[in-house]
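Scrolling down, you'll hit the structures one after another.
Shared chain: chain A. Partners: chain B in the first complex, chain C in the second.
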Partner chain A sequence: MIRPVLVRREAPVRGGQPLAFAVGLSVALLLGAVLLLVAGDSPIEVYRRMLSASFGDLEAFSVTLNRAIPLALAGLAVAIAATMGLWNIGAEGQILFGATTAAGIAQAGEGWSGPVLILAMIVGGSIGGALWALGPAAAKAYIGVNEIITTLMLNEIAIRLIRYLINGPWKDPEGYGFVQAPALPEQSFLPNLFQRTHVGLLIAIAVLAVVGLMVSRSSWGYELRVAGSSGATATYAGISLKRKILTVLVLSGAVAGLAGGIELTGNATRLTETVSNGYGFAGIIVAALALMRPSGVAAVAVLFGAVQVGGQSIKAIGVSDAVSTVLQALILFGVIAAGVLIVYRIEMTEPKVRST
Partner chain B sequence: MIFGLTFPETAVIGLLFAAIQFGAMIYLASLGEMIAERAGVLNLGVEGMMAMGAVGGFVFAIETGSPWLGLLAAAVIGAAVAMVHGLFAVALGANQVVSGLALTIFGVGLANFWGTDYEGVRPEVQFADVDWGPLSDISWIGRILFQQSPLAYSAVLLGFVTWFVLNRTRGGLALRAAGESAATADAAGHSVLGLRLFAVAIGGAFAGIGGAYLSLSISPGWTVGVVAGRGWIAVALVIFGAWKVRRVALGAFLFGLAMALPNRTESFDLPWDPILWSMLPYILTIAVMIAGALVLRNRPPAAPAALGLPFRREER
Partner chain C sequence: MDAAPLAVELKGIWKRFPGVVANAGTELTVKRGSIHAVLGENGAGKSTLMNVLAGVYRPEEGDVRLFGERVVFANPADALAAGVGMVHQEFRLVPTFTVAENVVLGAADRVLNMGAVERRVAELAEQFSLDVDPQRQIWQLSMGERQRVEILKALWRDAEILILDEPTAVLTPNEADELGLVIRRMANDGRSVIFISHKLHEVKQYCDEATVLRGGKTVAASMPVADLTPRQLAELMVGEATEAALRPEPRQAGEQLLSVQNLRALNNRNLEALSNISLSVHGGEIVGIAGVAGNGQRELSDVIAGLRESTSGTVTLFGEDITTATPRQRFRAGLSYIPEDRVGVGLAPQLSVTDNAILRSYREHTRGPLIAVDRAKAFCADVVDSFKVRTGSLDQRIAGLSGGNLQRLLVGRELTAKPSVIVASQPTRGLDVQGVKAIQELLIDARNEGLGVLMISEDLDELLAISDRIIVMHEGRIAAEYGGADANRSAIGLAMAGESP
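And now, the complex of A and B:
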């Protein structure tokens, strides 16, 4: 029987990751088109709308950038942890708790001036995210508890915490019986940079640059990468694995929480349990597509921002925005496959009788 | 009254009934994940496979008028979705964590897309509870154990079958070998690729059935977010159960209890908001993981040795 077998190429295909990205993206769009056809929608119409809603003009692009901010930060959060071989699947929960902390600060600081309040909310969001990651970080560092599961469970807990707050202690007294958090004070709104992109863009760029340099250039980052590739080597070199795990996961949580704080002051009018909007999960895909490198996160985040903004726009023609979620996953699958095929080729062979 | 809590009879019966119901649902998904992991494949796509099973099972049940056909469809769909992970993580040897997470996002997204037209459709077709005759009439036990959905009994049966196949057949031995030492299994003449793909497919089918349990029996109908993170609890349960059927079953009942309690806080006169109680299964998962890590600290790991490692013969 002739079977396909993966054989390592003598040299990887030239063009590498960008090529894999282009191929993967095309395949994903193609599969998405098939899905839309099966559902009875016109792929051309859907894609045309998605493109014009995300890149059509400067205003559209500013909305895309707006979305790219939390995606880039969430992606960065996942990528930092992954540098050390850790999986922070809890960015979603850290964003939520970061936003919750920021909302709490907004309530306390109703009388503060705008800049002070905004700064406090953003810093508070970041601290909230760090706190939300602290438990899984300590459990992983000191007793080896699988961080994938603990960070994930805290996502579910964060959603319910906000639900509880909105239904009870933080219920809006002026909500006319509506179950909602009180509206944020007006001076807490982050000013816009241009069109509909808010100042959070600058914060995100700065954080990406600083953390990116920390990982790639500092001795701290070097130790991180050593620990990520071999724990034994790191221990031998005198690097404290426990401390590293703890600091990396907490930093990762702080970056995700920062996204929560920025989302609340930048885009929300009040705290809701959907403020994180799946950014934490999309951040995993963003980071994976950027090969866990902070430098690549920004570009992928803009692309995903566009896919998400595009996904919102097709609701107007009666197509579910779940299409954009499916597309994001398909892009990742496409790029994974293309990435493998850059290093391996498929050969149809007859199984040989093994000599060993 | 014990510790100032009241235990009205009907409430206790209702709680235990629901605990078995939720427990059996999560047990199915966990068994499937356990089979895949015993073959060496970590599949974090359980949440996505359950979502697809839930929507697919409901759609097929409504369209064919038979819950059993819906269940069959859910199993097939679960297996088919799992094969996406099979293609990427097993055949292409991509990172299993990345592929599994992508599968969850993909499955949940696709389920929501598919379910758009079925949201709020009246669940005219669903599983009726089994009537075991005189057994079902026994007070307490009859209501708790012998008036369950056929899916609960299927879960128990599948648990025994899984245990038997894994531990008492040559195929099961080969499957476990693929998860402990793929090179050894390969040298013994087994197709590691085939065994792993099979295990992933079975895992997907079980997860699909677990999803259909939700949409055809526990809370009939389709709504976005019906799986609600339970797929992840199923993954945690495998770790808690130390990759053994019996311990997974025990854990499933415990988590079933934790999932059933939040809806019943009023009948037990429990303090605090029910929303706080709804955090219980997730808090319990974390607590159990921490306790497990503390207890097992100085023992050899129970996980299959080759879990998460792709296998390529050339690179042995």
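And now, the complex of A and C:
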């Protein structure tokens, strides 16, 4: 019997990643269309709505960009750690604790002027995220504890912490019995840049550019890449692995925490346990699709922002917004599957002869 | 028929790998119920031959016969089904499973009665004096116990032929003796054991017959061990002397540059790998370290380079104590290191040629916090030109470079820093003839310019050809030392094997 076998190519297909991306996206949209048909919806109508809600006009695009900001920062956080071969699965928790820190600062600085308060909240969010990553970073650097487990577990703890705070010390006294955090002071709202995109866009672009440059061009980033390629080579060259693990995971947490601070000042009215909105987990997908390169993160984040915004828009015609979650997953599968074909080709062969 | 059919016949086995012929018509016959040693230096083709017998590799030419019948294995499972079990140097056990679970893994009944399995494993262990508790988990066991589990796995699958690939490398001497008893019981039970080793006293002690391989060929087949002296075995293993074509003009050694005093260090398994080593390297000499792999050479070079801590003793460079200096400090002080693992220690596999060229000097090619790409590339181009590294582009990943070019890049980078001492561990291993010659010439040139060179090699011919002095290491000690002129091949071979000449 002849059956297909994967054979490694001599060299990967040139320009393969954008190609794989296009193929994966198309396959995802096709499979999504099948799902929509089965559910009795018109794929063309659904996709048209999603497209117009996310890219239809400047206003739609400004909403998409707002979504892309936390996605890009979370993706960047994951990508930085991955440069050194580390997995930060805790961006979600770092976003949450960053937002919590920013909310705490908002309570303390109720009387501060807008710019000062906003700056304090955003910087505070970043420090909060860094602190939330410090434990896993130190455990990994000094006693070799797997960072995947620790960062993942701290996500849940961040949620519980917020629940405790809004049920206890931070419970809104004017909440008419509702369990919620107090409303943020009005001067803490991040001003808009254009349409509905807030100033966070500029911060995200600046951070992407600076961190991207640091990773790809600085001697710090060089050491990171050496350590990511081979820890033994780094040690041989005199690079301290402990210090590198510590700094890279803390920086990763700081970038995720920054997203938390920006979300709180830009899109929230009060601290909730859903302020992170799954951005931390989506960031892992964003980073993976960007091949862990900071430069690719921005583009993928905008696409994912569009899929999420489009997903919400189709609720209006009675289609579940779970479609967008399914589409995000299908895109990931599609692109990764297409990525395999960049490195391998399919050959039809007969199974090897066996004799006994 | 006057004799029972042979358990194993390997006839005219050929197996090539890119750039290397591992087996060139290798022959091996093993009798039923005997313990058969396969001897040879590293690279002699032992492991490849055993992997052919165990179904891991398919030979390009040649026959494999078991008990007189020709067999073709598509994979190790086929070989196992035909009765060939192999215990690899790296154990293949699930650390969090129990002994019994590991033994039946992949060979269990549909419905698993662990109690019954544990009883049967215990019986099997009892039958062959393999002392191990079936209920304990692998991570709790010593290396010797883990090896017994691997042997139990093979016995559970009714292996008639058991291959042990350097089984004593991970064992304490007591454990090795116990293993000797176990395999004797297996032989008495009618099974055949193939024992790969390069420790001559073990071969003498545990084995019935020996086959010696050199350069992929069988140089002595099925010789009764009882009739052989260790000296004869050593001579068969290392072969006859070849012309020392490269030997440099003798010259007066300069001042002492590197000195190691009473050095002790542990290996990765926390066993003592270096037991009181003292040696020195002077300017303008090549000091060769001879020895069979795993006798402390790797640990010695790592300790000197600062990649492994010593438990006692000192390392001095130019009379300064560098025992606790970092790798970077040592390099700055003039110590270059060509590690045994070129890619993975000396070079970073996923990075570009340029990134690898600046590994030692990246802090000098900076503009502010950023790496000055133009200056880094100029530096890389310099190394690539001076040391004739053949590469498509300076930006390409080093993964695309051949072994010889990788080593030129590494050696070039280390020599460009103008060191005073260079420690080179297996610098020519795996290279083709031209590559070997090029690297040897670079080291000789360095020596002629007054550098001190400490060269570790398992290739005795190479050491005889280029060393001014040869130090033989055995079991973490210095077994013997010879001046270049009076280095005697068979004496060194014996010292390498742990016999006094």
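In this section, the second predicted complex is superposed on the first by the 349 of 356 C-alpha atoms of A that agree within 3 Å, B and C clash if a C-alpha of one lies under 4 Å from a C-alpha of the other, contacts with A are read in each partner's own complex, and residues count from 1 in each chain.
Note that contacts are C-beta pairs under 8 Å (C-beta built on N, C-alpha and C of every residue); 3 or more make two chains touch, one makes a residue touch a chain.
Small disclaimer: the values here were computed from a predicted structure and weren't measured.
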| item | value |
| --- | --- |
| Side-by-side fit of chain B and chain C on chain A, or clash | clash |
| Touching partner for A:I284 - first (chain B), second (chain C), both, neither | first |
| First (chain B), second (chain C), both or neither touched by A:T233 | second |
| Partner chain in contact with A:L213 - chain B first, chain C second, else both or neither | second |
| Dominant toucher of chain A (residue count), chain B or chain C | B |
| Partner chain in contact with A:R225 - chain B first, chain C second, else both or neither | second |
| Partner chain in contact with A:S113 - chain B first, chain C second, else both or neither | neither |
| Which superposed partner A:A337 touches (first chain B, second chain C, both, neither) | first |
| Contacts of A:R160 with chain B and chain C, given as first, second, both or neither | first |
| Chain B clash site on chain C (candidates 74-82, 308-316 or 380-388) | 74-82 |
| Touching both chain B and chain C, residues of chain A | 356 |
| Touch list for chain A against partner chain C, complex | 213-214, 217-220, 222-223, 225-226, 228-230, 232-238, 352-356 |
| Chain B residues touching chain A - in the complex, by the definition given at the top | 44, 84, 87-88, 91-95, 97-99, 101-106, 108-110, 112-113, 116, 187, 228-229, 232-233, 235-236, 239, 273, 275-276, 278-279, 282-283, 285-286, 289-290, 293-294, 297, 312, 314-315 |
| Residue ranges of chain C touching chain A (in the complex, touch as defined) | 71-72, 74, 78, 81-82, 305, 307, 326-329, 331, 337, 339, 341, 343-351, 355, 358-360, 362-363, 366, 369-371, 373 |
| Sites on chain A touched by chain B in the complex | 6-8, 35, 39, 87, 89, 135, 139, 143-146, 148-150, 152-157, 160-161, 163-164, 167-168, 281-282, 284-285, 288, 320, 322-326, 328-330, 332-333, 336-337, 339-340, 356 |
